[in-house]
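One structure, pasted below without further comment.
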Amino acid sequence: MDRLLGCVEELRASRDVKELLRGMAGTAFNGRSLGEALEILEEMASTCELRILALAGAVVPAGLRGVVREAIRRGLFNVVVSTGANVTHDLLMAFGGGHYRLRRIGLEDETLRRSGFSRVYDVAVDVRGFQLLERWLREVLDSMEDGEYSTYSFLRRVGLKLNDEGCLLRQAAISGCDVVVPAFYDSIIGVQVWSLTQTRRLRVVESLDLDYMVGLQFDAKKRNAKTGILIVGGGTPKNFALQSALVADKPFDYAVQITVDPPHYGGLSGATLEEAVSWSKLSEEAKHCTVYCDFTIALPLLLSALTR
Amino acid sequence: MDRLLGCVEELRASRDVKELLRGMAGTAFNGRSLGEALEILEEMASTCELRILALAGAVVPAGLRGVVREAIRRGLFNVVVSTGANVTHDLLMAFGGGHYRLRRIGLEDETLRRSGFSRVYDVAVDVRGFQLLERWLREVLDSMEDGEYSTYSFLRRVGLKLNDEGCLLRQAAISGCDVVVPAFYDSIIGVQVWSLTQTRRLRVVESLDLDYMVGLQFDAKKRNAKTGILIVGGGTPKNFALQSALVADKPFDYAVQITVDPPHYGGLSGATLEEAVSWSKLSEEAKHCTVYCDFTIALPLLLSALTR
Amino acid sequence: MDRLLGCVEELRASRDVKELLRGMAGTAFNGRSLGEALEILEEMASTCELRILALAGAVVPAGLRGVVREAIRRGLFNVVVSTGANVTHDLLMAFGGGHYRLRRIGLEDETLRRSGFSRVYDVAVDVRGFQLLERWLREVLDSMEDGEYSTYSFLRRVGLKLNDEGCLLRQAAISGCDVVVPAFYDSIIGVQVWSLTQTRRLRVVESLDLDYMVGLQFDAKKRNAKTGILIVGGGTPKNFALQSALVADKPFDYAVQITVDPPHYGGLSGATLEEAVSWSKLSEEAKHCTVYCDFTIALPLLLSALTR
Amino acid sequence: MDRLLGCVEELRASRDVKELLRGMAGTAFNGRSLGEALEILEEMASTCELRILALAGAVVPAGLRGVVREAIRRGLFNVVVSTGANVTHDLLMAFGGGHYRLRRIGLEDETLRRSGFSRVYDVAVDVRGFQLLERWLREVLDSMEDGEYSTYSFLRRVGLKLNDEGCLLRQAAISGCDVVVPAFYDSIIGVQVWSLTQTRRLRVVESLDLDYMVGLQFDAKKRNAKTGILIVGGGTPKNFALQSALVADKPFDYAVQITVDPPHYGGLSGATLEEAVSWSKLSEEAKHCTVYCDFTIALPLLLSALTR
């Protein structure tokens, strides 16, 4: 039977993350997927010229920007496509906007609000940082030339101006890893920039990122280079990145998806990577897998195994 | 005990959708939520001046544009915030881009692709319509004046030019219901417009929609008018609409959310409406509820009970 | 392309449940599944001699025993395989054990407990009924002859002794529909019976139900009769019913599953009906479908369309 | 604000599983829960006299019996409450019943069946082992005295007779850890025993396990000993174990739940540990948490951190 791949291997407990994930590749369900994901990401790291990280989900508020920063520093990815929320929280942290763990019971949201906090499930965000952020953004905009900026070129400048070494944006800028935010104005950072650029001749224009993403794919196509993507969550980052492959007719060669959305509700976030083949977003021969898991568990595991 | 609301009422079977949903309001879990959602939407329809429908999820490919169209025709909503995908599929249908039900077994995506179809779970989309759409879009753009357009004003013009009475966009345009697509370039319609406007002095600029949405909220605030929202799915439509309430400091008074995403993965799509109170997106006194259900089941039920 | 079944049909809103579900069969995702489920259940009702309802999930606390009772009264099912919890709550309601809807916020479980309530998500159960139930059970046991009883024969006697016309058990007993509870002692009713039979020569023995279920399948096999099953939730009722088909080598001909569990975690409750074919639990030619939906929404819809 | 626990800590990548999980305890969502679960299980291991492992989900077919076996060997748990399926697969493996990883695409279940395999999501089970198992069970039964056995005492004898050191049942028997299967006859092992005991004066009687479980709780109560439980999945193992605490009025002091079922569908498997407080199944002061994660990922991580 050609459908049989080999025995399910009995897993050995191990204190070593990489060893444990390797063992899990021989098991079943999402443990198996997690182990396979590691193999695919390793191969992607060594064979793909274009290595995209699509980042949705509250990665930064959850305390994971450090592991993502390290991955960027080591060159695991050279492009990040993100929600504006992750960028917002990244900058917020640079300006005293603390993120606190909340007791899960008795979360009275009106009380939180009056105390100056907004909630992201079990994280409370100190909103005072937003004002400091806006003040600093004003300075950054003052230092920039008039004109139209794609989100990635705007965020590169922002990253270079940051002092906080902990910021994802700063590490990305230093590492030459561009950060694209396709739905820029669907975020607090976008709202602040929109507000501050009302009276300027400077604007962030999202369509310019479409040029950029499609350009990256065409370059890869010209050089006959391999491309790969790690999709965390779904949403606009997933769609925008996959869409660029369709437009350039350069389906991805490697793809790993970490999601908790099942496919049977028809949504894009839960759409399978197999389905992406029908849209020419993924190659029929692509190595791919989906890990159904909270990214706060899967991402640290994978990135620890990849960067240490 | 003030936490007790009343007996769970034994539901009577009924062939009448409205009667059945009213009965379900007295039961538990999501049957109860569905019944409560109907009450909230009825009250919203009669008390809210600003009535937003945030539409994510593959609503149009799933065959539901008719029920949404009817809801718009009857004035249930006066603003729609949508993904570009729904607009794309709406226009696609006007240009021969058929949508077909697929057998769920044996979905070979490479075969589908080669036969000219792309898949959305159990729906196959005939992609030839995309070419016809692009040709027509070219004509529409030719007929438009140069300048910058928000997505809603662009789509209003598109809607008025359509002949197909079945199109959501057309009904919206006729009914004076604006359709906002915050992540316009994250969709095939966006890619086509981007491609066709490369050499024109005409551009669709998403930030202009931020002006618009926030303006709507400020107007409502000035008039001390009530506002309400029905959120189908999550993603950018949900965030963009709720964000406008935060920016104008005009938290929603009514909100119903139809989703299948649980809150415990921290994502925006599954974020509870209670949490939105901490962000000033929803009023503490707001009437709201969340129905955890596939929208292809919940939306027809609610809209049938509301419009017939 | 033989995989294409027909156009996705645009759904028309309708106040009539049956008409709406018929229309939904032409749409997609779980709306489509719900419509298909109705067709399958209609065919099952008219062609299957053995018609099983596997009932897991808090159906009775949620206020749905009435619609299930009606379905039994009309002969839609002639065997019910249930969790002990549903039977417990059914009897509890006969003895003043009220079920109350709870406010979803501020559910302080210790306070509930001290006030004499136990919680099932958003339902509070008044636990005083348990004492009255135990007293009555004592009388019922007093009236029964010594010996060993399968759960179905024990519950038949219990049903016949009940006065409350609202009880599922009573309707089942009157209608000659047997109620099997494979994990009888995994429930409060089981604990009470266990406690009360410590000093009696009367015992409920679950293995006798295995004889019974397998016997039903062998009878159907002998008569070359069709068999069908509606699975609500998963758990022991699903497994026990499907297992009897395997043991008798009489795979089901019709199956509908209402669940919210996806298959990719490998659990039995989310296992697909396709997978059941590999276990000879379902025939390869069986008509089947799965509706991913809260049963408090799907069950009333289906049973209303079937019984009115 | 007493609801704030401390800053979200930025996670450091680490190759050491224990160090990584400790770091995750300072993050958010289920990464945080996983880290907290480790702390709770460590405390439970050192303070609880009664330490229960409730095991649902296809743990054995997924290749995890080794890590569970190790945990039992080290005394992490002294009672296991399991589904019959896990016991069945454990014994199956001793008799040549191989478990194979399947390609996830093109799983044609009828073909699998004809080739002698049954499927558990992405695992194919070679069913020939069932016949060998039945033959061996016959021998075991021949060697046992007539009488009635609880499932745990039956399975202890089975475990002692096994030669395969890899078997969970054998390790449990050697370690004095009893394995209770409340829904014994809802499994293939139960069906085989039922079949083989038709003509014997030997029977496995599930109600005797109720005596046993409740007895364990009463003992702990008498000694004023702490009790703890790790719940993997839900179903009968979860309910039966928690129920015994209710019956003896000895609510658990420690509880960790690994599940993927959300609470809002009202089911027992997704019921929160908070809700269990209202049923006196968990103490109000209990240390507890729920990790929403596939057990094939969470269990190896926790058990590796606990046993190495």
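For reference, chains read A, B, C and D in written order, and residue numbers begin at 1 within each chain.
Just so it is clear, a residue touches a chain if its C-beta (ideal position, glycine included) is under 8 Å from a C-beta of that chain, and two chains touch if they have at least 3 such contacts.
The structure presented is a predicted model; accordingly, all values stated were derived computationally and were not measured.
A.B. asks: Go through the assembly and pull out the chains touching subunit A as well as subunit B.
C.D. replies: C, D
A.B. asks: If we define chain centres by averaging CA atoms, which chain lands farthest from subunit A? Would you check?
C.D. replies: Between subunit A and every other chain, the largest centroid distance is to C.
A.B. asks: Quick check: more C-beta contact pairs in A-C or B-C?
C.D. replies: The greater number of contacts lies at B-C.
A.B. asks: How many angstrom lie between the centres of subunit C and subunit D, each centre taken as the mean Cα position?
C.D. replies: Here subunit C and subunit D have centroids separated by 25 Å.
A.B. asks: Approximately how many whole Å separate the CA-defined centres of subunit A and subunit C?
C.D. replies: Their C-alpha centroids are separated by 43 Å.
A.B. asks: Per the centroid of Cα atoms for each chain, what is the distance between subunit B and subunit C, given in Å?
C.D. replies: Computed value for the inter-centroid distance: 35 Å.
A.B. asks: Return the residues of subunit B touching two or more other chains; collapse runs of consecutive numbers into ranges.
C.D. replies: Expected reply: 28-30, 58, 61-62, 107, 112, 117, 120-123, 264-266, 274, 292, 294, 296.
A.B. asks: Any idea which subunit A residues touch subunit C in the complex?
C.D. replies: Answer in residue numbers: 28-30, 106, 262, 264-266, 292.
A.B. asks: What part of subunit C is in contact with subunit D in the complex they form?
C.D. replies: These residues of subunit C touch subunit D: 56-58, 61-62, 83, 85, 107, 109-110, 112-113, 117-123, 182-188, 190-191, 194, 203-207, 209-211, 233, 235-236, 239-240, 243, 247, 260-261, 263-269, 271, 274-280, 284, 294-296.
A.B. asks: Within their complex, state which residues of subunit B touch subunit C.
C.D. replies: For this pair, the touching residues of subunit B are 1-18, 20, 23-24, 26-32, 34, 58, 61-67, 70, 98-103, 105-108, 111-112, 115, 117, 120-124, 166, 274, 292-294, 296-298, 300-301, 303-305, 307-308.
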